[in-house]
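Going in written order, the chains are labelled A, B and C, and every chain counts its residues from 1.
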Amino acid sequence: MSYGAWIMLTGSLVGVTCGIVGCFLILRKMAMLADAISHTVLLGIVLAYLVSHSLEGIYMLVGAGIIGLLTAFLVQVLHTSGVQSDAAIGVVFTSLFAFGVILLSAFAGKVHLDVNHALMGEITFIPWNTLTIGGMNLGPSAVWMLGSVLLINLILIFLFYKEIKISSFDPAMASAIGIPVMFIHYLLMSMVSITTVASFDSVGAILVVAMLIVPGATAYLLTDKLIVMLVISAAIGVIAAIGGYYAALIWNISISGSMASIAGLIFAVTFILSPKHGLMAKLIARRSIVAEQS
Amino acid sequence: MWNELLLTLQDANTQWVLFGSILLGVASGVLGSFALLRKQSLIGDAMAHAALPGICLAFLLYGTKSIGWFLVGAALSGLLATYFIQAIINHSRIKEDTAIGLVLSVFFGFGIVLLTKIAQSKNGNQSGLDDFIFGQAASLVGSDVKVISSVAIVLLIITFLLFKELKLFTFDRQFAKGIGLPTGFINALLMTLIVSAVVIGLQAVGVILMAAMLITPAIAARYWTDRLDRMVIVAGTIGALSGILGTILSSMASNLPTGPVIVLAATVIFIISLVFAPNRGLVSKGLKLYRLRKRVARETVLQTMYDLAEEASISNQSMLFTRDQLLTRRRMATRMLDKNLHRLSREGLLNQTDGKWGLTAPGAKAAYEVTFNNRLFEIYTMYEMRFAYLQLAANDAWEYYEIPSHTLNELMELMAVHEHTPQLDPAHFAKGEKYYIANLESNDSNKRKREVKSS
Amino acid sequence: MNPVKVSNVTVAYDRKPVLQEITFDMPEGKLIGVVGPNGAGKSTLIKAILGLIPTASGTVDIYGKPYKSQRKLVGYVPQRGSVDWDFPTNALDVVLMGRYGHIGWFRRPGKKDTAIALQALDKVGMKEYASRQISQLSGGQQQRVFLARALAQDATVYFMDEPFVGVDAATEKAIISLLNELKAQGKTVLVVHHDLQTVKEYFDWTLLLNKRKIALGPTEEVFTIDNLQKTYGGRLSFLDTQLDPSHVVQS
């Protein structure tokens, strides 16, 4: 495969993986918790490196998973001890992130992680960092990592689809019929954490948030069926990735930045033109009501 | 160490940075308090991220680094972002948290695009725009600090002058509108103030951590006071303190970035407040809860003894009860029950004979008092709305003898209606006589006379 | 055996009681209305029975066993406002959620479940709305979907939290006929209700609740001015204006 094709594949995998998980975050009103996790995962990566002295994907996934869950847990703890939820999220993520940045600077000589890279990602380097097993070149390791995380997410969503659905729609009913609502919550938070860390390398922390939230929010304006929302969201993720890549080629700009911008553009268009929930549709509906009345 | 500290502080550059961080801490602490109370903490986060494209555009248009123009660009794009967030919430089914996350990440993504564009231009390298992402307090120079300080001072003056209006607006927007305040204008003003605080902090702490400067000192201050005017002062002080600590610590060690250290300093102050603040802190709350639980446990045992005696006296049965009878009447942890049974017998309120427990004369009196008090409280909670004027809301401090006597009579009448009046008169009950009905006619709460009816 | 046996249930925040020593047996095959002032703990009672909130003391038995082992016997209709109706799903899908308790982990609703769900929708007169998105249903229709979901739970005891709030006349009628049908099938239904005018008409039994149990029994016996005064406090003027005397049992 060509260099560009690998980058587009990586970007699309990010789009699909984030797009699917993101839908659930939006429906559960947890978008900002995801934003928090995507920041604190930096601390997980640094700690994983300091413990294992390796930049292998598996250590990163474990470290990020643990810190991601810790973030969700700390927010929960602060919230139950009386801190309002938006402030709880704000305090936890900035503290853990600041701690991550300090560790990173303190061990700067030893860690081959650069903060800018972690934040903004460097998808252009992806195709060179390949996975070789037994002398065989198996393609970029990021693709393997993203692929595995996507697979894990899909399996988990497939297995727990109806439990995730009911505990998102009606948590009281869910726990009345015996579904462990807290378990489902932390399951989703783990999915967010590993998704973030897998996407981290290619798009960076902030743009993971864009890929998590924007496609899902767009899909939310286009459909009223959960399964369709997941598909549309994944598709928008891919379109944003490929569109972003070409836009970046044309104007010679950051690929990850342009992926987020294209995603934002798609959202803006949908927000105005969506047949069901768009601004225009609403205006037209309002006009016709007024017309009927007069 | 102190010498080292003095030496650091003599450094002109450090002095500038210190001065800037203090004023920044004060301004963001003060304005963060308003954002926090309006439950808009994360809007500050969105504004900070959204400032990036504004700064980049200002650079592209103006051509060189100019803190003044950066401020204008950042403020405009920050305000635009809050406008978008509001528009998305108002005109679609998308909820607030999604709207914030969406706008924040897209603006930031666009900012990164512009940043790469600038990096390629001729004068891009010395732009120092990267500093805005993580902040580079150490690189602040005198002219930057002058701009930061003057903006901070202007923000503080405006807040001081309009404090009354901002307070009312934050507390009750509808009411503020009702009495004729221009709420639309105040909202826009408050947003502008917050955006300006964010913008001046960007160079020092960066877009990602700026949210902490707004949120953390404010939430920490919330633990020390319930009043907005004091909260604003405390938050400002905590902000300044974090600024000082962060700047000094990071200047003394190499490789410590100032922004994150300031943020962690604020977090430490927050944790200290969360744990140790009087009244609202966890330790104080925990102690209160521990005392309350201890008291409730003791009262539960006494009241259960009384309930059982009351029931037994009607059916003319023994007034001595086993542990199991107590446990059946009211479920409680056995360990807690045993502990309290023994404590009460040490206090001389209970007697143990053949493994059965009975109330002594003082015990009967104490049990009666506890039962009377608690049953009266139950009646009160049933008709809370009716007695709302009493403002007896402090639930852990309910004592019947503190209630005005006519209200007490009213409550006692209701208690009689619900057949909830304690039936056993302690004075007689202790002498071995059994069934007495307390009388409600007397007025004096402390010396309720009782007409004795024998069973 | 009594379908539901509540013994000595107390719910409290620290010292403040929300429900105080509630003890009652629900008779089988009756429609039971729960009435009481705002904040009397009506919804809390249902939540405590279903184990959704912790109780300070007391036990609840459903047909002689704890709720946890009897979940399949119990149907629940939460307040309509407790969920986000913008959730992307349709009416049939929501009703199918009633089947989840029976299906178990890792399995999907099958043809049989869909048939049951459609039947439940039919019973509340919503069959033609099966594929309608829930955000496009009126308030009354949403309430009927919730009722259909409870029907699909195929339970023997039902708990309904304010099903009559804010519904249109057609829905009110549909709920009534549904309640009567459930009763005819020998099922037991506990309904939190706010409208004193209709209590006598709708319910066989009434539970008057205000933190404590004031009275429970056949409506013609317990729905008296005397008990209502006890429940609502001395707010007689309120009762006078709210309540046509003909709606109350004269004692």
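Quick notes on this structure:
The rule we apply is simple: a residue touches a chain if its C-beta (ideal position, glycine included) is under 8 Å from a C-beta of that chain, and two chains touch if they have at least 3 such contacts.
Just so we're on the same page, UniProt names per chain: A = Iron ABC transporter; B = Manganese transport system membrane protein MntC; C = Manganese ABC transporter ATP-binding protein.
Note that the structure is predicted; figures quoted are calculated from it, not measured.
A simple rule picks the central chain: find each chain's mean C-alpha point, then take the one closest to the mean of all protein C-alpha atoms, which gives B.
More inter-chain C-beta contacts link the pair A-C than the other of A-C and B-C. When chain centres are defined as mean Cα coordinates, A lies farthest from chain C. For this pair, chain A (Iron ABC transporter) with chain B, the centres built from the Cα atoms lie 31 Å apart. Centre-to-centre spacing of chain A (Iron ABC transporter) and chain C amounts to 40 Å, using the average Cα coordinate of each chain.
For the pair chain B and chain C, the distance between C-alpha centroids works out to 35 Å. Counting only residues that touch two or more partner chains, chain B has 93. For chain C, the set of residues touching two or more other chains reads 135. Looking at chain A (Iron ABC transporter), residues 220 sit in touch with two or more other chains.
Per the touch definition, chain B reaches chain C in the complex via residues 93, 289, 292, 296, 330-332, 377-378, 381-386, 395-396, 398, 414, 417-418. Taken together, the chain A (Iron ABC transporter) residues at the contact with chain C in this complex read 27, 159, 161-163, 165-166, 168-170, 172-173, 175-179, 220, 223-226, 228-229. Chain C contributes residues 47, 50-52, 68, 71, 74, 76, 78, 82-84, 87-90, 93-94, 97, 100-101, 103, 105-106, 108-109, 133-136, 149, 153 to its touches with chain A (Iron ABC transporter) in the complex. Of all residues in chain B, only 36, 39-42, 44-45, 49, 88, 91-95, 97-102, 104-113, 115-117, 120, 130, 133-134, 208-209, 211-212, 214-216, 218-219, 255-257, 259-261, 263-264, 267, 270, 274, 280, 282 touch chain A (Iron ABC transporter) in the complex they form. Within the complex formed with chain B, the chain A (Iron ABC transporter) residues making contact are 26, 29-32, 34-35, 39, 78, 81-84, 86-87, 89-91, 94-95, 97-99, 101-102, 105-106, 108, 115-116, 119-120, 206-207, 209-210, 212-214, 216-217, 220-221, 251-254, 256-261, 263-264, 267, 271, 277-279, 282.
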